[in-house]
Amino acid sequence: MVWEITKTVKKIPKLRRPILIEGLPGIGNVGKVAVDFIIDELKAKKFYDIFSYTFPHSVFVNEKNLVSLPQISLYYKQFKNKRNDLLLLAGDIQPTDEVASYEFTEKILDIFEKFNGKEIITLGGIGLSTAPKKPKIYCTGNSKEIIKKYKNGINLDNKLYGVVGPIIGVSGLLLGMAEKRNIKAISLLAETLGHPLYLGIKGAREIIKILNKKLELKVDIKKLEKEIDEAESEMMKITKGLTDVSKQTALKKIKNKFDLSYIG
Amino acid sequence: MVWEITKTVKKIPKLRRPILIEGLPGIGNVGKVAVDFIIDELKAKKFYDIFSYTFPHSVFVNEKNLVSLPQISLYYKQFKNKRNDLLLLAGDIQPTDEVASYEFTEKILDIFEKFNGKEIITLGGIGLSTAPKKPKIYCTGNSKEIIKKYKNGINLDNKLYGVVGPIIGVSGLLLGMAEKRNIKAISLLAETLGHPLYLGIKGAREIIKILNKKLELKVDIKKLEKEIDEAESEMMKITKGLTDVSKQTALKKIKNKFDLSYIG
Amino acid sequence: MVWEITKTVKKIPKLRRPILIEGLPGIGNVGKVAVDFIIDELKAKKFYDIFSYTFPHSVFVNEKNLVSLPQISLYYKQFKNKRNDLLLLAGDIQPTDEVASYEFTEKILDIFEKFNGKEIITLGGIGLSTAPKKPKIYCTGNSKEIIKKYKNGINLDNKLYGVVGPIIGVSGLLLGMAEKRNIKAISLLAETLGHPLYLGIKGAREIIKILNKKLELKVDIKKLEKEIDEAESEMMKITKGLTDVSKQTALKKIKNKFDLSYIG
Amino acid sequence: MVWEITKTVKKIPKLRRPILIEGLPGIGNVGKVAVDFIIDELKAKKFYDIFSYTFPHSVFVNEKNLVSLPQISLYYKQFKNKRNDLLLLAGDIQPTDEVASYEFTEKILDIFEKFNGKEIITLGGIGLSTAPKKPKIYCTGNSKEIIKKYKNGINLDNKLYGVVGPIIGVSGLLLGMAEKRNIKAISLLAETLGHPLYLGIKGAREIIKILNKKLELKVDIKKLEKEIDEAESEMMKITKGLTDVSKQTALKKIKNKFDLSYIG
C-alpha cells in the first residue's frame, strides 16, 4: 500500500469538463503560491487527499502546534455560468524519486479522465539570478493548439526553447504523460528568483492575471499585490543562512507576518 | 522477506492498555538516551526484536568482542497498581529510506493496536548551536487533547510552530500515521546540541522528569545526574574529529568510562 | 508498468540479419553524435520508442516549443545489395540506476534476437583532459573474433587494457550481457574531451570513417567535417559555467547555430 | 531475474564439511588479496558464478582486451587428508545497496548449508592513516567458541571493541546473518593503510600465516613476500591522483608489473 487516495467529502460532485490547474512546490514556489491563492479566493473545496510512502518521511508542525503528514490534495470549484469547472492540485511537497513522480502523474491523469477533464494547466517558475521587477511569463505545451489558444490576446512568450533546460517534476511530467492520453496541456512559467526560499509572489500574480483573462476566474489579486514588496524583501532577510530543515518554518513565519494566509 | 519481527520470550504477556514510549537514535540522541535509561531503571523486559534488510548493511562489535546486527527492539513493563503498562521502543538505528520508514511505523502501530494501546509518546531533540545549560522541553502532537493532558501542571512549551522544521523519521511518522488510526500521540522534544556525536543527557533528564510526573514512573534520575557534567565535556573532546564510522564506538567508550551502562 | 516499448510504424519490416549500432549519451557524447548523424544521413526510419518510469522525471522543450518526454528509440535501415541491414539505438538519455540499466539492456537484446541480429557495435568516448586534434579509436569486445574482424585493415588500437577503467552504462552492458547469449559485440571508443558539455564531433567522425570502411555504409561525412572547428571552440565558450539543467539547451543551441540538425 | 547463480563445472563435487573463507574488495583490499592468493596457490577450482542486476552497471576490460561483467565467484579446494575442505568466495565488487547486500549474504549462506559447511572466516582490513610496517591482526566473531578456537596459540588481538566502528558489507553481514542460522563465523581483520587504492599485501600475508597455522593450508607465502616492498611503494606513486574509474586499471597494472598474477 504505497499510494492512498482518500475522499474528504461525502459526495463527489459532478463537474462540467473541468480544467486542471497544478501548482506544487518548485522553482520560486511560483506555482504553489498561485494555486494556493486561487483556492483561497475562489473558496475551492478539497475533495481528495493523496498520500504515499514515497513522500518525505517526516511531519510538519502547523500553526495550531499539531503535526501533519506531507500531503497533496485535489480541490474543485463549480461555476454557475461557465462551461468548465476547475480542478486544483496543491500540496506541501512533490514525490521525490523518479518512479514515484511518474506514478503520481498517472494517478492524477486517471482522476482527470474520470471527470472527463478538458485540459491541463501546470504552473511553475524560471529561476533567474536576480529577482525580476516585472516577471515575464513563458509558456510551453504538448500541442500547438493549446499554446495558440492561450497566447491569443495575451502577452505570452512561447520562445521557451533555449531559455530553460528540462522542466523537472510533476509540472513537466503532466504535460508529457497527458500527451500519451491525447489530453491537451500547457505550462505557464513565470520568471522568479532561483532561490529555494523565495516566494515568487510577483510571478504568481502575473500568472493569475493571465488565468483571469483566459478562464474568466475573477480572482481578486489586490490582496496579493498589497503585500508583495514588503514580503519579498523580508523573505530574503529572514531566510538568509537557514538550513533546509528550517525552510518550511521560515516560509510560514513570513506568511503569517504578512497575512498571506492563502499559502498552504 | 524484508521485515522480521521475532518473539524473544516464551509467552507474550497481557498488558493493560499500554502507553508506548519511542526513543530511537536522532538529534542529540536525546530520545535514545532517555528510553535506554528508563528500560534499565525499570528493568523493562525485551519481548520483540525487529530486523530488516533496509537497515544498514553492517554489524557492530560489542563489548564482548562479538558482532551484532543492527536491531530495533520492543520492551514492556508491567505495573502492579497502575492503569497503563508500558511499551518501550529502543534500538541502534532508524530505517533510513523513506518507504522503509513508513513501513516500520505501520508495523509498530500494528503491534500497538494488538495490545490495545492507549497513547504514544515519542522522544527527540531540537538541535541548538550551543549545548543548553537547562534544556527547555517542547511538545507537539496529533490532537489538542493529548497536548492539553501532558501540559497540565507542567512547564512545557507547546509553541513549537516556528521553532523547528519538519520532525524527521520515526518520531515524526508515529504521530502522523497514528492520527490515521485515531490513536493519540505526542512528541516531547528537548533542546540539545545539534552535533551527531553529542549525547543529550541533560535533555533526556528533563524529559524523564516530565514522564515521572505525568506517568508516575518513579524512575530514579540520580545516576543520570551524577555523571552529566563530566560526560558532556568528555564527549566533545573524545569525539572531535572522528569519522562517521567511529561514532558508535566513541559513544560506547564514553558510556563505559562514565558507567552509563544504560545506553544500549 | 515500468517499461513501454511502442511500435511507431504500421508494419514491422523484415530485416536481413541486422547489425545493431548503439549511440546513447555518454562521455563526450561521441556515440550519440555518431549515431544521430548516421540516422540522419542514411534516412533510417524510427520503428520503436522505448520509455520507462526509470528515466529522468522531466520533459525537454523542443525547437517547436513543445515538450517531449525523455525517450530512447530504435531505427532501422534496409539496404538493397547487402547481407546485413542496420538497427540503430539512439536517445536523449540513459537509464540511470543500475537495475534499470541491466533491464534496458536485456530488452534491447530481446529485440535484437527477434530480428535474428548478427552482431552489435556500441560507440563511446574516452575522456582526455584536453581535446585531441586527431582522436585515436580504441576497441574492445566480448570475443577475439569480432575484434580481429574489425581491426583487419584498420588503424584500430585494441590495447585498451590499462587505458580506461570500467565502461559504464549501456555501451558496456550490451557487450557483457550479449556474451551471455552468445552474441558477438564490439565497442569503438574515440578519444575526446572529458567534459559533460563537449560534443565529440571529431571523435564521432573517426568512428564513422571506420564504420564506412567495415560496413560500407557510404555515410557522407562532409557535413560533419565542415563545421567541426567552429562548433568545438564555440561549444566550450557557450557552455562555460552552465549548470546541469542547462546542458540540453546549450547543446541544442550550438546544434542550431551550426546547423548540426542531425543531433537529436 | 535479479540474481543468477551459475554452475561453471559439469559435476558439483562432494565436499567434506567445508570451511568458507570470504575475501571481497574492501578496506585496503586485504581480504581480496589474501583470498585471490590462496585460490591461486592451492589451485582451487571455480564452480559457481554469481551475478546480479544490483552489481555496478559497467564492464571491466581485461588483459586480453575483452570485457567482463562484474562478478563474484565461489571456488572449492578438496584435500586428501583433512577433515574440512575449503569454499572460497572471491570477486571484483560487492553488492552496493543495503537490501542487495543482505540478499547476497543469504544466498551464500544457503550454498554453505547445502554443503553442510562447518564454519565461516571473513577477511578484511582496519584502515590506519599510515601504512603499518608489521600489521596486527584483530578478530571478532559471532560466538565465544570460534574466537577461542582461532586465538589458541596465535598472536591474535580480540580487543576489537573500541578499535573499529561497524564492519560494513559482506564481511560483516556474513557473521551477523550466520548467527541467525547457528553457523559459527569469525572475521580476521588486518591493519592496513585506509586508502581505496592501497593493496594491503602485508596485511594479507599476516592473515595467511594465521590461516596456515590454524587450517594447515600450506600456502607458500614466499611469492607474496618477495614483491611486497616494491609493490607497496609503487602503488602509492602510480595511483596518486587517480579518479575512481581508473582504480581497477591502476591496480591491475601494478599487479602485472610485479607479477602479482594471483590478484583477480
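Order of writing sets the labels: A, B, C and D. Residues in every chain begin at 1.
By definition in this document, a residue touches a chain if its C-beta (ideal position, glycine included) is under 8 Å from a C-beta of that chain, and two chains touch if they have at least 3 such contacts.
Keep in mind the model is a prediction, meaning the values are calculated, not measured.
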Neighbouring chains shared between subunit A and subunit D, ordered by label: B, C
Rigid-body rotation angle, subunit C and subunit A, from Cα fit (steps of 5°): 90
Same or different residue numbers at the subunit A/subunit B copy interface, by half rule: different
Centroid distance [mean C-alpha coordinates] between subunit C and subunit A, Å: 38
Intercentroid distance (Cα basis), subunit D paired with subunit B, Å: 38
Distance from the mean Cα position of subunit C to that of subunit B, given in whole angstrom: 54
Two or more partner chains touched - positions in subunit B: none
Contact graph of the chains (line, ring, star, complete, other): ring
Every chain pair in contact, whichever chains are involved: A-B, A-C, B-D, C-D
Subunit C residues within the subunit A interface of the complex: 2, 53-70, 96, 243-249, 252-253
Subunit A - residues contacting subunit C, complex: 97-99, 101-103, 139-144, 147, 158-169, 172-173, 175-177, 179, 187
